[in-house]
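Read the structure below first, then the notes.
Naming follows writing order (A, B and C), and every chain is counted from residue 1.
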Amino acid sequence: MFLHNAWYVAAARDEIGEKLLARTVLNEPIVLGRDRHGTLFALEDRCCHRGAPLSCGWFGERGLVCGYHGLEFDHNGICIHVPGNNGRTIDEARVRAYPVAQRGDFVWIWMGDPARANVAEIITYPPDDLKTWSLRFGSLYAKASYVLLLENLMDLSHLSYVHRNNIGSSAEDSAHAKTEVQRTPTGVRFLRLMMNAKPAPSTVQRYGFTDKVDRWSDFEFVAPSLVIQYSGAVNAGDYEKGVRTGGHAVRILHAITPETDTTCHYFFAMAQSHSASRPAERESAPARIEVAAFEEDVAMIEQQQSRLQGYDQRKLVNIPSDVVRVHMARFLQEKLRDEHSSQYN
Amino acid sequence: MFLHNAWYVAAARDEIGEKLLARTVLNEPIVLGRDRHGTLFALEDRCCHRGAPLSCGWFGERGLVCGYHGLEFDHNGICIHVPGNNGRTIDEARVRAYPVAQRGDFVWIWMGDPARANVAEIITYPPDDLKTWSLRFGSLYAKASYVLLLENLMDLSHLSYVHRNNIGSSAEDSAHAKTEVQRTPTGVRFLRLMMNAKPAPSTVQRYGFTDKVDRWSDFEFVAPSLVIQYSGAVNAGDYEKGVRTGGHAVRILHAITPETDTTCHYFFAMAQSHSASRPAERESAPARIEVAAFEEDVAMIEQQQSRLQGYDQRKLVNIPSDVVRVHMARFLQEKLRDEHSSQYN
Amino acid sequence: MFLHNAWYVAAARDEIGEKLLARTVLNEPIVLGRDRHGTLFALEDRCCHRGAPLSCGWFGERGLVCGYHGLEFDHNGICIHVPGNNGRTIDEARVRAYPVAQRGDFVWIWMGDPARANVAEIITYPPDDLKTWSLRFGSLYAKASYVLLLENLMDLSHLSYVHRNNIGSSAEDSAHAKTEVQRTPTGVRFLRLMMNAKPAPSTVQRYGFTDKVDRWSDFEFVAPSLVIQYSGAVNAGDYEKGVRTGGHAVRILHAITPETDTTCHYFFAMAQSHSASRPAERESAPARIEVAAFEEDVAMIEQQQSRLQGYDQRKLVNIPSDVVRVHMARFLQEKLRDEHSSQYN
């Protein structure tokens, strides 16, 4: 069901401060925190003594203290203090420790074999060339499988329906979009182009476009849980000339972390190009519009989840816009099969 | 568990307007609505593309548009527009359509084989001769199997207990009631008579009866989900002379629609004879009393449901007042067996 | 899972008045009440007729009347009146009756074979010599197995962590506590001593202790659901001289009644020695502090329950302070095995 040998976003950076954070990832209860030196740690949120959540404890002199009977654990999950045991430790007393790392605004966690964790494989976001863009991040919670949110991002024809009042182009223009899809070593990438299209309502509102635009969407799925988005709009005719600036452009990292089989955390970081002509709105308006659209997506997939529960999904029918989704699903299946077989060989 | 080849009340007429209505009937999610011409439709509330509820969509130019990726369905559940497919449809793209019809204050739905749906079989209510009566309808929601509500209506000895403060006669009078039960082609009918009985509290309050009354209850169960009630009270001695007017009389259609195995919608329409002497109360008081009694029934069966969950009901003991209920249960079992065997022969 | 041949506290005395009380004990729905003479009764809260809860009824002339169709039951659960049956009863019409008795502030119920119920076996609390102490009782509800609450009381090392801000001694002093455990005919008893220890925060606050104290905890587990506590603190050095007064002392009866497999009621009665020097606080402060500590326990075991759900508890690791808990668990297992085998031999 879940790919374990992967980095997932566990939390936004600022969620982890002095207070311990209890978070479930891939059905596993985890406690995240920082020690007195600010060093991050992530441990199984269940004491090996009587099962109490370590997130009900606190960071003591040397490690994380269980708030029930006082066992103390270091960053590796090894119990370094057993109260009443005359200073001796107990070999079997340990909890699972998860590799964890902060990158930009997010804290990442490795859910698989720790020996295979390589922090160099964590996506770098934002790229350096975005320094002059404004940057936002945030998160939403969805009562739906993370797969439904990935699928949402892999079929942009939904913009004309779910987001028809903000970021969606007309259904007519959407139906004539051209999509190119290609497999990458880590997932699937597609480029969707709408040339000479009416601007979306929010594009009109934000940037004052009134004439036709060229609209591009460059999305890369990185298995199992990331989507890197680069999209925007320029004056009609400019796209083919290589123009990408002067209009509206956005780069977004979507990081979708399964909580349970049917719930997920949706983290996002976005960089928007500055609109020189409307500096006052630069800070708040753009992110507000995107987040409103993300909330529409979450509302839709939660409804979808409720309808698919206990339903035989093989009865569903594909249409042309499913092309990328089908590639993604196949890639994810392959990775799951690989991981599963590597455990037994 | 459920009889499918039957008309059920799906909604009150006014529940279905411009806004689409999502309603679950017999465990099946259904979207109900009217098109631009006011024509009713009822479709499976799950798009055949990705499973999104069609009730999150809207009625477009020609049909119901899925709010996720824009597939459009006609009244028969056939997908008449696939976005991005160059105007072509896809044969397998369809959702289930349910025969549906409006009769009086209710919208009815046929849950079985559409080929067997015959709108002429829908109960006509109210009968024409009720034109001079006041008419009310309403609905309640019960967290209990619809069978428990049917059973409630088939054993009126409960009036003296559940409704002892309003429509119930004394336990003494109730114990001496005479009940005749007969099978009909579509269910079971019973006549329960209490002669020379003390009037119920609400009869005293509404109609000023203080002397003894003759009280009749003529109930017809029409499988699987309807009960047609004609009941009332006249001065003691008048019933045997054939008098039915001048006292209190009510005609009620109870329509009980299973939502899930353990929840149901309780729709009712009632016609009350006018009380010439107390015209001011004619409009509101009578219905208020009956609805209060229905709410007492719902509260009781919800408690009953909670106690029966996971309990072996064969341990329950019958008493004389169960006679009609047992007839009803047997009839319902036969119909279920018939329907089940007809599916496999 | 549950020991049935035992007295459990079903309710606080004052919970059972004119109004019937519905309470689930060991997964069984029970109605508790008093008849017109004040005599207690406890019956299965499910009518043998149609399964309605008898707690929705009322006490009539002779017995408990079902509020649905009027069957009437005596204290033994025998149906003594069947409406509409011409005064005859029906042999199979009966519900289960539970032996029940009031002792002090609690109403006790016997959940097993009624023939083995002996009210003389109910714990007497408070002992007579507590007459001059102030007495409190109360209850809490916990979304956790009753076993987790018993375990909590059997390992007092948790005081230094869960209750570090009120009744807990320092972790250092706790680690040096001496515990003696012994089996009794009815369970397990332990004495835990902390000599020459810093007083707990609440001991300082309540009694003005500033110097070192001797602290004792004498706990007796009486299977399956009671813990009798006698604990306190005196000036350091006084304990070995046999001094138990002049400091702080408390006697508590903990009665933990399983509601379901994963929920329980936590009843407690406590007697505190009077603090002559601070009479104003004698009535309220002591109980307030203990109840606050009980609430901390409940919060902890609810968290623990959530983490143990679906977890293989054999992976947990014992530490020295588990010694009493292990004895208790073993005793409880033996009693369960005995009861189970006696049912089949």
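We take it that a contact is a pair of C-beta atoms (placed from the backbone, for glycine too) under 8 Å apart; a residue touches a chain by one contact, two chains touch by 3 or more.
Quick caveat: nothing in here was measured; it's all calculated off a predicted structure.
Note on connectivity: the fewest steps through touching chains from subunit A to subunit C is 1.
In this structure subunit A contacts its sequence twin subunit B using mostly different residue numbers, the overlap staying below half.
Centre-to-centre, using mean CA coordinates, subunit A is 48 Å away from subunit B. Counting partners per residue, subunit A has no residue that reaches two or more other chains.
Residues of subunit C touching subunit B in their complex: 29, 45-46, 48-53, 56-57, 65-71, 82-85, 90, 92-93. Interface of subunit B with subunit C (complex): residues 151, 155, 157-158, 160-162, 171, 174-175, 177, 300, 303-304, 306-308, 311, 313, 315-322.
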